[in-house]
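In the two assemblies presented below, chain A is common to both, partnered first by chain B and then by chain C.
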Partner chain A sequence: MPDPITINVDGRDVQVQPGMQLIEALRGPAKTDTPAFCYHPDLTVAGNCRICLVETEGPRGWALGISCHMKTAPGLKVRTQVTSEKIVKLRKGVMEFLLVNHPLDCPICDKAGECTLQEHYMGQGRHESRLEDEVGKQYKGGADHRFTDSKGEARGGKKIDLGSTIVLDQERCIVCSRCVRFMDEVAQSPQLAIAARGDHAYITTFPGKPLEHDYDLNVTDICPVGALTGKHFRFQQRVWMLKSVESIDPSDSLGANLTIEYNVGQVNGKVWRLMPRRNPAVNKSWISNASRMLYQDLAKDRLTDGVVNGQDVPLAEALSAATAALTGAKRLAIVASGHLTTEDNAALLELATKFGTKAEVFGGSWLPVGQPDGIARSGDPVANRKALQVLGVPDNLDALVARAGEFDAILIAGNDLWAADAAKAEALTKIPVRVVLSSWINATTAKATIAVGVRAWAEVRGTMINCQGRVQVLNACPVVPNPDLEAVWQVVNQVGQLGWTTESQAWKAAAARAPQLQGITYRAIGPMGQMIAETAAPAAVGV
Partner chain B sequence: MTLVWPQPKTWNGKELPRILTRLFDVENGHTLAVAKQHGAYSTISKTLFDKSQFEIIQTVIESGLRGRGGAGFPTGMKWSFVPRNTGKPVYLVINADEGEPGTFKDRLCLTRDPHLLIEGMINTGYALGVRTAYVYIRGEMLPQIRALNDAIQEAYNAGLLGENIQGSGYSLDIYVHRGAGAYICGEETALINSLEGFKGQPRLKPPFPAVSGAFAAPTVVNNVETIMAVPYIVQHGAKAYRQWGTDKSPGSKLFSISGDVHKQGVYEVPLGMKYADFFDLAGGLKGEILGCIPGGSSAPVLDAKESMEATMDYECLAALKSMLGSGAVTPFNTTRDPVTILESIARFYAHESCGQCTPCREGTGYVNRILQKVAAGQGRDGDIELMKDLAESYEWTTICAFAPGAAWPVLSFIKKFRSHFDAYLAKNPQHAAGRDLKSLTPAAFM
Partner chain C sequence: MAKVVPRPHLSLWENLYVVEIFKGLMTTWGHVQKNVTTGAFETRNYPEEAPSLPRDYRARHRLMKRPDGSPRCVACFMCSTACPARCINIVAEEADRADIEKRPATFEIDLLLCVFCGFCVEACPCDAIRMDTTIGVMVHDNRRDFIITKDKLLDWAPADYPATDTQSQKAPGGTLNAQALAEFNAGSRH
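Right, the complex of A and B next:
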């Protein structure tokens, strides 16, 4: 990083990076409350909302400018709302203009509580209204809430169905163009546009064409008001009722950073949504629709108890049956899984070590690997594949199939082999004892002789290593379908009498097996993840 | 309105300049044959090609020629900002999107003497190293588009455009691009966006067009009239051009006068002339003057006294906190109503705001709606102050100069003709109750 420079903000000298956006410097190192509606750190600068106005000193005295379109430079002098009456007045003016044509329907608006307009209004708005009934777009009211623009034409409307995922409430739009820029620049699929001009401008798609894209729900996150809302979360929960934990996308090896938002209690106790969590080195501010919808699986088809020989049994009973079966086996195959955390896999490896020569570890996946989409997915559905490599787990599922006859018991943890490739997996039915640890009732639990329910990704604390080699933490959301459910490493701990009590013991066991992980602690990983030391590239073959 | 032409050859015994209007009263002056008889394209010879690019730019700087589109930026200085040897082409774009209300000079130039524009473009293009030039023209100006296209075709046929013009080794192609008639497309970066096929909305600056304009290449955008003055300067030199006008506002300018005079039309007069004399030149005022919009609808209005004393140059109007603008002069007499004039102007700006920046998008509409109410006799005390405050809020807070142009008429009309506004408020029997904020009760939102 280049050496920091000094700029002067409201008479205070502040150390910042040279050439960074002034608004980032004001919000970050200078700790000023600088509002913005159109500015977004992962989109190009549009500079149209004008709320981030500041005064800077130039050759012709103090001049007005927008801080999102200025760069820091040595000796730059800035006045913000703290020292400039003019900025206070102009920001109040901009806020008033934004609200002239914005309905006061916060009580029924989904964005209330996380609305940029509400936040900045409380901070720097004009708190006494000057509006009279002659102003505004003259809402007609009624079922469709269309409004008459200044040309006398009916525009907008309430509850416009933009596509399969998104609803548009046109009258709330403040024309910041973030959604348009997202579709143009990030999704690279220009499907949204601002039509018409002046105060009769409105957001629309191509005539008759819906908005459809694998990432289109991100526009609901970046919409600073409640104009764009996702059908999956619309009218579900008040956002201030939600609690959150930080986690990552478990369905892809990039491990897009996200936040699990949930509520507790009898009535509302469930995970309500997943929101992208900004990590400039991984997924920026975006997650795919597929990742976002993963929360819906958390309450669907869960294996909340155990199954022994086709009979539902309590968890404890299933666990003791599994323990007996695995301990008594003469030749045991253990299938590690890239869908599980590093800790879970460390426990499986530790179990194999404990059982000695009778146990053999296999790993890998039959799921097809796709291409990176350049936004927030690598295309590899095996999220923790890198950890298996780091821990030295072989990629040899096909060898397991070929040698299935050698084993009298198999332990499959968190890996739906029959769904990935039922034809190949069918050979495994030759093994008489099939113990499956799974969060869901699926094709593999159907083939199990003993199935034990375990916690799903959102309910455990642990780590995954993404395709970049970045260790990232999953945190446990307390909403669990059955409070007796345990993580895979805990189940394995009991089967093998490993004596672990916390996940950090499991992490230390993993670090003991992989030198690249040594010295990394949960605290050191932090919310943005931490890169592991790169292993030497494997020697080229046949050169 | 009838376009009055010819203008008198002399005024008060002095000859009037005929730099731009030389062919305006010549029959078929728009054809190449006739134009050539009157000296058109005489610069497309050694006069131009023996000079270096630097010399031409220097001559234009010395002539003091300023942009005639409205901003009055020194033309030569604008040209000198264009970086050399960037590896990218340099584009010349002629702004023929004449849209300032009251302005109708460029359209007359394009029908009466399109060859002077082409000659100016060759001169400018040579000075800037331009290979491709565009004329961005208002789409509904059909006779002008036809006249210009015909003239360009004639010039190509005569070897005055295209490859290796007149054996000089310099080549220039001109394309005519029709706009769709949005006022904002007269702003140079909105014009460039529109030229590139995007929505006509001004771009954030910097970068300025001289560095990164059309197709991300260095671009000079000049008004039709500005470029038409260039051949004269190249041929006769800066000193000859400076024989007209004042020291800081040299040369001549086209003024389009409408409103309460007897002979509305386009006139070429030296800068620095008194408005009072100009009214006489245009046949004299009708009735008693109340005020005058000196440079297009966005220029702050002058009251009667200022109108009769002001001179037509950049400095005098700047001192009066107004501007020369595009040279659209609109005097109005005491039978006119300043409130309805402003109402019409405010409606125009609310309609033409591109909708990009919040203050302009919402502010112009907000002021317009209040003004409509006041003009309908529904105004209340406090409305005038509110309009003033709103106009001040959007005056300097936007990307382009549209918002100040929309704010200035509001601020100046209120300042100069306050009594007329108060008279309108008095038409409402309840005006003294002030602004009615009772509508903020929850029932208003049911």
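Right, the complex of A and C next:
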């Protein structure tokens, strides 16, 4: 990292990195709130919204410029809204222009509450409208304000079906071009474009083509207004009603950072959506559509109770049956899982240690490993595979199949072996007692003699180690289909009488087995994750 | 910072209480005299006999209607956000017509939780909810019936509202409905 330089912001000297975008320097080290619509830290600079303008001193005196398109340089002198009345006035003017054609849809707009236009109107606008309210491209679907584009097609639509995931409202769009740049630069699949000019400019796909991409829902997040909305969340909830916890993507070994947005209560208690959380070293600001839709599984086909020999039983009964079966077994196979947290796997290993020579630990997965897509997925569906390696769990499921006859009991935790490869897994039915800990009713619970429901990834606090060797924390969202459900480590703790009460004890047990994890605490990991000692340099994103 | 309220100083007579009790009973006796001789205090068989309430009274809610009878509510959740008792539960859905985007699929008010503060009426951006029904007495034999649904909230007749209440009269059956409906169907705003 180069030596910091000094720039002058509103008369204060501030230490910043040379050559960084001025807007980042203002927002970061200079602690000066700077508005922006078109600027996004993970996209190229477009400079078309003009709201971030500041005054800088040049050879011809103070001049206006947009801070997103300026780089920091030694001796740069900047005046912002703090000291310059001119900036305040000009930003107000920019806001007025942006709002000329913007409909007063806020009460029914899904973006309201997290809308950049609303925020900046309250911050820099607050002007009285000087327009008749009939003026606008199109108001409430009335035919008068539609216009015809150069191809002769009607434009100005309130509800344009862009593809299988997204609805476009052309009237709300402020033409910041973030979505166009996302599709061009990040998705590398140019499918969106700006057509026409001036106040007739609109976002569109190519004629007759839908918007279809594995990452296309990210455009709804970066849209500063409610022009692009995802069909899955359209009209579901107002955003201010949602609470959020930070977690990671459990379906991929990159572990894209995300937030779980939910609300509690009898009527609306539910996880409503997953939103990407910015982590420049992991997923930048993006998550794939597949990861984003994982929340839908949290309320679907859940194993909320226990199953013993095909009969639904309460959790406590299933747990005592499982405890009796596992402690009574003469030869026990324990299958650790890369789909579970490090804490859960530490508990399974601790259980094997406690049972001594009669228990043997197996691990791995039969799921096919794909290719990294270069954005926010590594292609490996086993999210916590790295933790299994760090903890020394062997990758030997095939050996388990070969030696299935040696065992009289098996404990499968959070690993849907029959769904991954039913032909190979079928050999495990030779083992008479099959205890399965699962969050969902699936092919493996169907083959279990005792199935115990456990909490899913969104409902537990724990850690996963991603393919870069970064320890990341999952936090627990309080929405649970059955409040009596417990995490895998808690169930194993009761089976093996490990005496643990919190997940940090499980984490310490994991650290005792893996020297790389020693000295790392939940607090030290933080929201951005922490690299473990073994891999000093992080691998490139998505690789 | 707690405010310290000084205790009122009581004289000896007041501290004896007996004198004060008889002073209070004198007021009661005075009212009895007045009622027997002049009938000034009316007695009502509540709740069988409903009190007559002014329009400004915050009574049971109703949902306003567009000229075609559909609810004016756009399911923006402003009322449920403003509600201090959290008694309004709305489920929104996509409307099946071009000029309306969003509408309530269900709209429920739990009248047992409601504190009748009127914040929902204040918060509504399209005058869709009002509390001017003058229904002040609600008697049901179970709790479920106190959760009032969208159908019940929309069940009112313009004839029960004054002719000067133009918004009510624009609803179906109202004196201003024919003209309002023609304008509405022609695509005007509402």
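Here is the rule we go by: the second predicted complex is superposed on the first by the 512 of 543 C-alpha atoms of A that agree within 3 Å, B and C clash if a C-alpha of one lies under 4 Å from a C-alpha of the other, contacts with A are read in each partner's own complex, and residues count from 1 in each chain.
Heads up, the rule we're going with is that a residue touches a chain if its C-beta (ideal position, glycine included) is under 8 Å from a C-beta of that chain, and two chains touch if they have at least 3 such contacts.
Remember, it's a predicted structure, so these values are computed and weren't measured experimentally.
After overlaying the two complexes on the shared chain, residue contacts for A:158 are found with chain C alone; chain B is out of touch.
In the superposed model, A:90 makes contact with chain B only, not with chain C. A count of residues in chain A touched by chain B and by chain C gives the higher number to B. Of the two partner chains, chain B is the only one that A:64 touches; chain C does not reach it. Look at A:129: by the touch rule set out above, it reaches chain B but stays clear of chain C. When both complexes are overlaid on chain A, the residue A:108 reaches chain C alone and has no touch with chain B.
In the superposition on chain A, A:241 makes contact with chain C only, not with chain B.
In the three-chain superposition model, chain A touches chain B and chain C at no common residue. On chain B, the positions that touch chain A within their shared complex are 182, 184, 199, 204, 350-359, 361-366, 368-370, 372-373, 378, 386, 389-390, 392-394, 396-399, 435-437, 439-440, 444-445. Within the complex, the chain A residues that touch chain B are 37, 45-51, 53, 64, 69, 89-90, 93-94, 96-98, 100-101, 103-105, 129-135, 150-151, 174-175, 194, 196-201. Against chain A, in their complex, chain C makes its touches with residues 74-78, 81, 89, 92-94, 98-102, 125-126, 187, 189. Residues of chain A touching chain C in their complex: 107-108, 139-144, 158-159, 234-236, 238, 240-241, 267-268.
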